[in-house]
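Just below sit the structures, each encoded as structure tokens.
What follows is a pair of complexes built around subunit A, which joins subunit B in one and subunit C in the other.
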Partner chain A sequence: MKRMHVRTLLAVGIVAAFAGLVALSYVQTAPDPADSQYYLARPLSETGASNRVAGIYLNYRLIDTLLEVLVFSVAVLGVRYYLRKSDNIDLPDLSESEVVQTAVSFLSPLALLLCMFFAIFGHISPGGGFAAGVIAASALLYVAIAYGMTATEARWDPRRLAFAEKAILLSLLIFILVPAFVGKSPLTDLLPKGTPGDLLSSGSILIYNMLIAAKVFIGAWLVIAAFALHRGEL
Partner chain B sequence: MAAIVAFILFGIGILALVLRRDLVIKLLALGMINAASILFFISIGDRQGARSPIQLPGDTAILVDPLPQALVLSAIVVNFAILALALVFVMILCERYHSTDSTRIEQEIAREIDVEETPCL
Partner chain C sequence: MIARWILLALLPVVAVIALSQPRRLSAIIGMGLFSLLLAAVYLLMHAPDVAITEATIGAALVTAIYVLAIRRTGRLIVVADEAPGLIAREGKQIVGLEYDILVGFAREVGLDLSIQFVPLRRVRWLIDHHEADMGAGGIIPLAVEASNLMSTPQHLASGVYRFEAKSLPRETARPAGIAKIAETAPDYEGYFSDLLTHDRNGTLPTVATSLDLARVLALGRTGAALHGLDRMDGSYGYAFLIAQKRVELQRDYAGYLTRLRDSGQLETLIGRHFS
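After this line comes the complex of A and B, so read on.
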């Protein structure tokens, strides 16, 4: 009982200290409205992306995004390593009823279409590679729930996809590094910028978005498959 | 307003993280803390009457600050990575000690260490 009191005090202390710290920093250096216009004040033609967020994280801060993708890959690797199957158990066939299957066969193509839209138009409208990949992975999760993990895994084999994931990561790295070798300005200056608002604008951002979408799709599916297969079924 | 909600959510998350003993609840609290920080960042970038930061040439509308939104993307990905890995470790602990109660797992581990050390004495 006494230990519980100490824990409560500790927790309340942490929360109070954090709130005080943030309030203090907020009062002392309140954000200047001019600061928030820093990136917006730069010309649109600098990145060529009408989606300013995509312009920041795939152009000005490309290395940050690259390391993010690496963090994601490490997480997928860790999950797969610790949940690797020790023995091949015979999974029961746990597919859902026909109602669910019909609904899924209608919904998951729509989700895949949405994934492609977000990946291809991520630089001129809301969207982007990460969101697109997660949407596609959830479409595959629907399929796995409706038709059973065994049938889905046979078609989307995690072992082969793990290889594809690493290949996509490598091609992303190479594509980001290529401009440095051909004498263009490092990282982003390989393709022409185009007119902002067009589909073929913003240089390499379109290709980054598509590669990241494929990467996140496969990675998230590998995580889902690792959890489902470890447990037996979804 | 959104910042205040974010602070409240953050506080609830920290309290649950420290006070609750169930490891799964702790992970949920961690996710809640992450959601609160995302909300806080997005609320910082907001301005009165501003639109989402999608801009066409010649467009002079007031836009929200795109930088916090770009930064939040990292937070989301890292949160996903942390939660997925932590969930795996919770599953391993649960398989070994048949409990997700952190105190009980600690006791079990202490007992295991005692059993291991007894023959040496």
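After this line comes the complex of A and C, so read on.
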């Protein structure tokens, strides 16, 4: 009883400290709502994306997004490098009960559908490549938890996917950096800008969203697979 | 607007609840709930993109990864000596009633069951020194356990058998310190498998002071000569040992055993191993 008390007090303290820090930083550097007007005042046809957020991070701030993708790639690389060796014994395949398996087999196709929706319509409605990739990787992770890693790995072989991940990163780099180096603006107009709100609009944002979704999906799955390999099983 | 403030006010409450959970799985679910609430706040602040990202990463991916983490790293270390029917090796497998109970319990609390076979007299010592979480293997707890130990509720009735002290040769009389240990049951030197050797040599009473029903039956099946063994009066039962400080483990296990008994599964398990 007394121990429970200490735990709760500690929890309250930690939450209060973090909330205080956030409040303090907000008071000192509160964002000015007028800042957003800079982007909102620009015509929608400039990016062609009716989702303003996608327009900012895949057009105006494309290089920032590229660096973000690079950071993620480095993280995946690091995890795969350090979890490469394993001295574990072969642990038995843990698979969950039929209830979990049924729930997962019902939900994971829906999650994959949601992933595709967010990737393909990311420039029109909320979503985007990052969220789409994470959704797909989570869906696959839940499949692996329910059916065991061995069965899931057989279908989604990490070694083959690792190659695809690097290929996507390379193509993103070429897409974005080569035009910049030859003195032109980064490739944002590979597809026509079109009418904002149409599926085929917003230039290259559609392509970037799909590439990022695939990249994040594979990257997250590789991390999970490395984790499983290191421990012998999920 | 009001909804946003209510959700914002709920955030620290949920954070405190998540942090103060004694069970790891509950804490993880609390964290997922926190992320979900935060996503709702973002949505109400007209930032659907951020809300989607928070929900997918915070509530789905991170929760799943934490669930995985406790699945294998959270280990339930059980020390036991073999007791046929309760917990014993059979080829590469471990079988028995206590083993089945422990497997179910470990799965429920999200811990990885790790069984280590040790000599009987090491069981209490290892738990006392926090080298192991639970002691098993046909333990019949004392009426009053040593100060640092606690017994769980009984899972199976048993009996205690004791060698008569007078049947012991004079020269092998135990030193005074052992007298207290002799109150426990079962009590013998080394492993249960050693008893079989001693039985063949006829030296069983020199290493064992008391035995429990499961071991007496197992020895009897091997044709052991168990003369001089008296059944003690009173009702005894098997239980596990847990360190006194592990209040949460004790409470979780007691709850699990109650549910196992109420659902009739315990009866089924006992029937499977002792029919």
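We take it that the second predicted complex is superposed on the first by the 183 of 234 C-alpha atoms of A that agree within 3 Å, B and C clash if a C-alpha of one lies under 4 Å from a C-alpha of the other, contacts with A are read in each partner's own complex, and residues count from 1 in each chain.
Throughout what follows, contacts are C-beta pairs under 8 Å (C-beta built on N, C-alpha and C of every residue); 3 or more make two chains touch, one makes a residue touch a chain.
This structure is a prediction, so every number in the text was calculated from the model and none was measured.
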First, second, both or neither for A:I135, with subunit B first and subunit C second: second
Subunit B versus subunit C as contact partner of A:G148, first or second or both or neither: neither
Touching partner for A:G48 - first (subunit B), second (subunit C), both, neither: neither
Residue contacts on subunit A - larger count, subunit B or subunit C: B
Touched partner set for A:L83, first subunit B, second subunit C, both or neither: first
Touching partner for A:V71 - first (subunit B), second (subunit C), both, neither: first
Touching partner for A:G197 - first (subunit B), second (subunit C), both, neither: first
Which of subunit B and subunit C A:Q37 touches, first, second, both or neither: first
Touched partner set for A:P158, first subunit B, second subunit C, both or neither: neither
Touched partner set for A:R7, first subunit B, second subunit C, both or neither: both
Common ground on subunit A, meaning residues reached by subunit C in one complex and by subunit B in the other: 7-8, 10-12, 14-15, 19, 51, 53, 126, 128, 130, 227
Residues of subunit B touching subunit A in the complex: 7, 10-11, 14-15, 17-19, 44-45, 47, 52-57, 63, 65-67, 69-70, 73-74, 76-78, 80-82, 84-85, 87-89, 91-92
Touching residues (chain side subunit A, partner subunit B) in the complex: 7-8, 10-12, 14-15, 18-19, 22, 31, 33, 36-40, 44-45, 50-53, 55-57, 61, 64-65, 68-69, 71-72, 74-76, 78-79, 82-83, 124-126, 128, 130, 195-197, 223, 227, 230
Touching residues (chain side subunit A, partner subunit C) in the complex: 3-4, 7-8, 10-12, 14-16, 19, 51, 53-54, 91, 94, 118, 126-128, 130-131, 134-135, 137-138, 141-142, 145, 220, 224, 227, 231, 233-234
In the complex with subunit A, residue positions of subunit C that touch it: 12, 15-20, 22, 48-49, 51-53, 56-57, 60-61, 64-65, 67-68, 71-72, 247
